[in-house]
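Structure in structure tokens, see below.
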Amino acid sequence: MNGSPLLAAFRRDVLQAWRRRADWLTTFFFFVIVVSLFPLGVGPEPEMLKTMAPGILWVAALLAAMLSLPRVYGTDYADGTLEQLVLAPQPLAMLVLAKTVAHWLLSGLPLALMAPVLGLQFGLEGEPLTVLFWSLLLGTPCLSFIGGVGAALTLGVRGGGVLVALLVLPLYIPVLIFGAGAVQAVATGTGAGGHLSLLGACLCIAAALSPWATSAALRVSLE
Amino acid sequence: MQWGSLENFLNMGGYAKFVWGSFVVTAVLLAGEVVLLRRRHRAALADARRHARLGRDA
Amino acid sequence: MNLFKFSSPQTFYPLAGRLAPLFWGLAAVLGAVGLYIGFFVAPTDFQQGDSYRIIFIHVPAAWMSMFLYLVMAVWAAVGLVLNTRLSSMMATALAPTGALMTFIALWTGSLWGRPTWGTWWVWDARLTSELILLFLYIGFMALHASIDEPRRADKAAAILAIVGVVNVPIIYFSVKWWNTLHQGSSVSLTKSPSMAATMLAGMLVMALAFWMYSIAAGLTRVRSIILERERNSAWAGAMQEN
Amino acid sequence: MLQVRDLACMRGDALLFRKLEFDVEAGEVLWIEGSNGSGKTSLLRILSGLSPPEQGEVRWRGTALASARDALQADLLYLGHLNALKDDLSVAENLQFHSAIAGYDADAADIDNAIAAVGLTSRRDLPVRVLSQGQRRRAALARLWLASSRTLWILDEPFAALDVDSVDRLAALLADHVSAGRMAILTTHQEVALPAGRTRRLRLDAA
Amino acid sequence: MNGSPLLAAFRRDVLQAWRRRADWLTTFFFFVIVVSLFPLGVGPEPEMLKTMAPGILWVAALLAAMLSLPRVYGTDYADGTLEQLVLAPQPLAMLVLAKTVAHWLLSGLPLALMAPVLGLQFGLEGEPLTVLFWSLLLGTPCLSFIGGVGAALTLGVRGGGVLVALLVLPLYIPVLIFGAGAVQAVATGTGAGGHLSLLGACLCIAAALSPWATSAALRVSLE
Amino acid sequence: MLQVRDLACMRGDALLFRKLEFDVEAGEVLWIEGSNGSGKTSLLRILSGLSPPEQGEVRWRGTALASARDALQADLLYLGHLNALKDDLSVAENLQFHSAIAGYDADAADIDNAIAAVGLTSRRDLPVRVLSQGQRRRAALARLWLASSRTLWILDEPFAALDVDSVDRLAALLADHVSAGRMAILTTHQEVALPAGRTRRLRLDAA
């Protein structure tokens, strides 16, 4: 009984995304396209592309996560659903958690799954590719959690889409450094273990704090 | 026959992974499209009939 | 007036129903002949060994991917300008097949590149523009799928297809110049010097097969689309065949 | 049950109202009147706990709202200017979501009944995006049929965009609601037949 | 008299942007942040950063332009202004032109002005820096023109923010290639003239065609 | 002046109306009635040329709309469900923009008059974002006072969210408009005192 509203919030987000397949598939293709833009801008030299690959993939993942953020609470805010969520007799933070998990499943996970294929295009192979996958699997939920706070803070602020970038990207920097660092570390021979555990720690902190921060921001946005 | 045996044929001069990887995946994709096309057509037919019935009832 | 007779979905539906099996059959026969030539008549290439046999699907798929985009855009433009619904439906019907062909060209090319170039992928002009073509197809389909009112979707997607057609040559040449003006890539396409006549024949037969396949798939899909859109009309409800 | 004491509300540098005092008792409808911009919506948002008042206090069942927020939320149904419907979900799915979130415990039959009550049965499975303005409002109002157990309804312009039949049906539902000893606070610019003898009016711009 | 409605459309967009300074300043900061993320993701080697610089700056400009697109017609669509523009007794394509120029002034021009400073940070100097500036000055209006079509096509389509990326980024590729190519060409000793004239040609084509395509798309979006 | 022949409109697979025929002559108000979702908004959008009809034709001054679009647009004022106001601009700035875009040729004094006519003088320089629902509608309606020269007004629920005084003022303006030999087509669910003898009603759901 107690879990059911959370499940409902989660299910509704997933259901809505399913209705709008084009919606989250585009997050995914956005990622693929942005990654493919870089060789066009930088030039086709394989060695250089290989060195750049982790950085490019991670920056693209950051941007893709960020682009999908406004949708998390934006439509709820515009159509009045957010008022109802805030007034619901459930702890708001739990509803936020459910929505964040849905966001990750729909935007973060597909990126992590696709990344190895893109890595191949840049000439990555073997262990770096595996580490790339794991770093994204640990890192993308962080992006969803941190991004949620930014998305909530920019509600009702027109041009939120760009403002959210400004708020959130700096917060993403540690995730970027540990994530891209892990792949580079394994490529240069040092192990990726340290970087990955740091990413795990980031995830724990983000998961523990962000629902509270997000729900506080949501309340403020309605005042 | 240039291949001699089925084994040779399947081996594709050592390029089995690549050649069969191409041909099989292509075959699967084309067959998949055909299956999806049939399904879609059946669903569309059923839907059209359902609507025709609804229209008559209304 | 006679010219426009078949531009009504209702009259085109049965016509397409009669034509489609013909093209499916042609595709199957040509495909079988092409595969026979490809695997049993064409000799092993002295440079690439048997890996070259990928050419029998790679090149036809690559050709079709580009050709279908053009055809799709022309249908879309006709639909937009003359407001004939059937043309827009044809455009929508071709897009998935075109995207599939593009994907097959990419996939087989990639599998071919590994043994011949030693890498799955290089950022070469032809490869890159094929990848972009895939994005254009996906954009067309995604846009069409995101608009519920079918007529609006047709028109919006048509505008996109036309803009894309203006862009495809620009993209193609820009990628080509990008790649050649800058340091030539260290790997290059090792074409078999003079393609054996049988190889060429096999490739052409397979290209015809892919062509017939695309027509058949397009006709079949357009029939479903017609039914979906006209499901309220009496004639659609009366269709009984499977 | 609901007591308002010395309430004031400012927006920008405009003082909308001050020293507002009223009570709402069980079985009453409070109809808040006033010209456009007199502060009706602002008042309703304060009463429901969405925004804090400039001054004064709201009490629910005797406790100040600041500490009774959870208690109020379990008793409250708030329906604002906005419909809180997802364009991409169907009418039924939207209502399912609302009933799960708000804890109405409604099953599929209840939801179908609510949809029938607002006359949207034929639109049950259409995405809300394609509905007309009035149909959307009706879909939002269907929540009232699910939330009959909530003690306090706060409704901002519930009759807006509704056609004549729907207005009558909603008025009848309101009459049932208050005659069962519950409360409603609402605003509307239309002359609507609200439950006679149980309706109190509060004019905001008279203050 | 004939020009005044266009001027009004232009002035209103600029005025509104001025009211919402945060709005277009964020486009600008987004550009700066994305560019600064790369050294973090890729590592600090100066030589490599220098080679990558034009590509990174140009990709970032593409993304920044794209992010600001939904706003061009999105708010007009949501609040009903677009209906009024379409019904106005002016040629719609002219109004579109006015709005596109406003968009460029507010989002493209600042990027072009900022780019040399960022280029310095990557170790670019002298002529490459000048060419970078000119390439952006010619290229960013192309981005506004092409992007306008995408923005108009995705109106009323949920998830428009990401869909617009999918539609527009592939069309941006020639601009990216000629733009980044110009800087690289001058860095490697070949002249940038060819690339810049190609960019100019792109701009002419885009400016001539895009207002028509955009206005057709706007009409369709209202049907 | 406006003739409608054999008009049909479909939305999704719902046929909203067909074989609709009517004329609107100079000096008339056409009040389109119908329950929620009967197709009033859809009809108005077809008449104004925003969306194409499924079948049939609309004629303006004798020419089919397909070729008379420019002529119609020079004569038309369309006011939809949406207010077409920019949240960030003030009421005055919004009206200036509209008058420039639509070519009303209004100067600052005209705009001030229009604002005064809808009773928003005290809100003249506030951004629309902070206005109440009804005040926004009034700001949108102020365009009617600027566009008195337009022959054809098409108004979708102009009275929605307005308080009683504003409704009366708008009704009076409509009476002036048609008595000067111009036309208006509108929808509303409220009973409003429209110009007697000059108002024709068209029920959509009766068809």
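Chains here go by letter, A, B, C, D, E and F, matching the order in which they are written, and residues are numbered from 1 within each.
Definition applied: contacts are C-beta pairs under 8 Å (C-beta built on N, C-alpha and C of every residue); 3 or more make two chains touch, one makes a residue touch a chain.
All of these numbers come straight from a predicted model, not from anything done at the bench.
Novice: Look at the interfaces B-C and E-F and say which one is made up of more C-beta pairs in contact.
Specialist: Result of the comparison of B-C and E-F: B-C.
Novice: Mind checking chain A against chain E and telling me if their interface is mostly the same residue numbers on each side, over half, or mostly different?
Specialist: Same; most numbers are used by both chain A and chain E.
Novice: Taking CA centroids for every chain, report which one is farthest away from chain A.
Specialist: Farthest by centroid: F.
Novice: Whole-Å distance, chain B centre to chain E centre, using C-alpha means?
Specialist: Computed value for the inter-centroid distance: 43 Å.
Novice: Approximately how many whole Å separate the CA-defined centres of chain A and chain C?
Specialist: The separation of the two C-alpha centroids amounts to 34 Å.
Novice: Measuring from the mean C-alpha position of chain C to the mean C-alpha position of chain F, what distance in angstrom results?
Specialist: Comparing mean C-alpha positions, chain F is 48 Å from chain C.
Novice: Touching at least two other chains at once: which residues of chain C meet that condition?
Specialist: Answer for chain C, listing residues that touch two or more other chains: 132, 135, 138, 142, 146, 148-149, 175, 178, 182, 231-232.
Novice: Could you check chain F for residues that touch two or more other chains and list them?
Specialist: Answer for chain F, listing residues that touch two or more other chains: 11-13, 81, 87-88.
Novice: By residue number and range, which residues of chain A touch two or more other chains?
Specialist: Residues 20, 22-23, 26, 29, 33, 40, 43, 75, 158 of chain A each touch two or more of the other chains.
Novice: Would you mind writing out the residues of chain D in touch with chain F in their complex?
Specialist: Going by the criterion above, the answer is residues 11-12, 34-37, 40-41, 81, 123, 126, 130-135, 137-138, 157, 160-167, 189-190.
Novice: Show me the residue ranges of chain D that touch chain A in the complex, using the header's touch definition.
Specialist: On the chain D side, the touching residues are 48-52, 70, 73-74, 76, 78, 80-89, 93, 96-98, 100-103, 127.
Novice: Provide the residue numbers of chain C that touch chain E in the complex, in ascending order.
Specialist: 132, 135-136, 138-139, 142-143, 146-147, 149, 151-152, 155-156, 159-160, 162-164, 166-167, 170-171, 174-175, 177-178, 181-182
Novice: Any idea which chain B residues touch chain C in the complex?
Specialist: 1-3, 9, 12-15, 17-19, 21-23, 25-26, 29-30, 33-34, 37, 40-45, 47-49, 51-53, 55
Novice: Considering only the defined contacts, which chain A positions touch chain D in the complex?
Specialist: 4-5, 7-9, 12, 15-16, 19-20, 75, 78-81, 83-90, 95, 222-223
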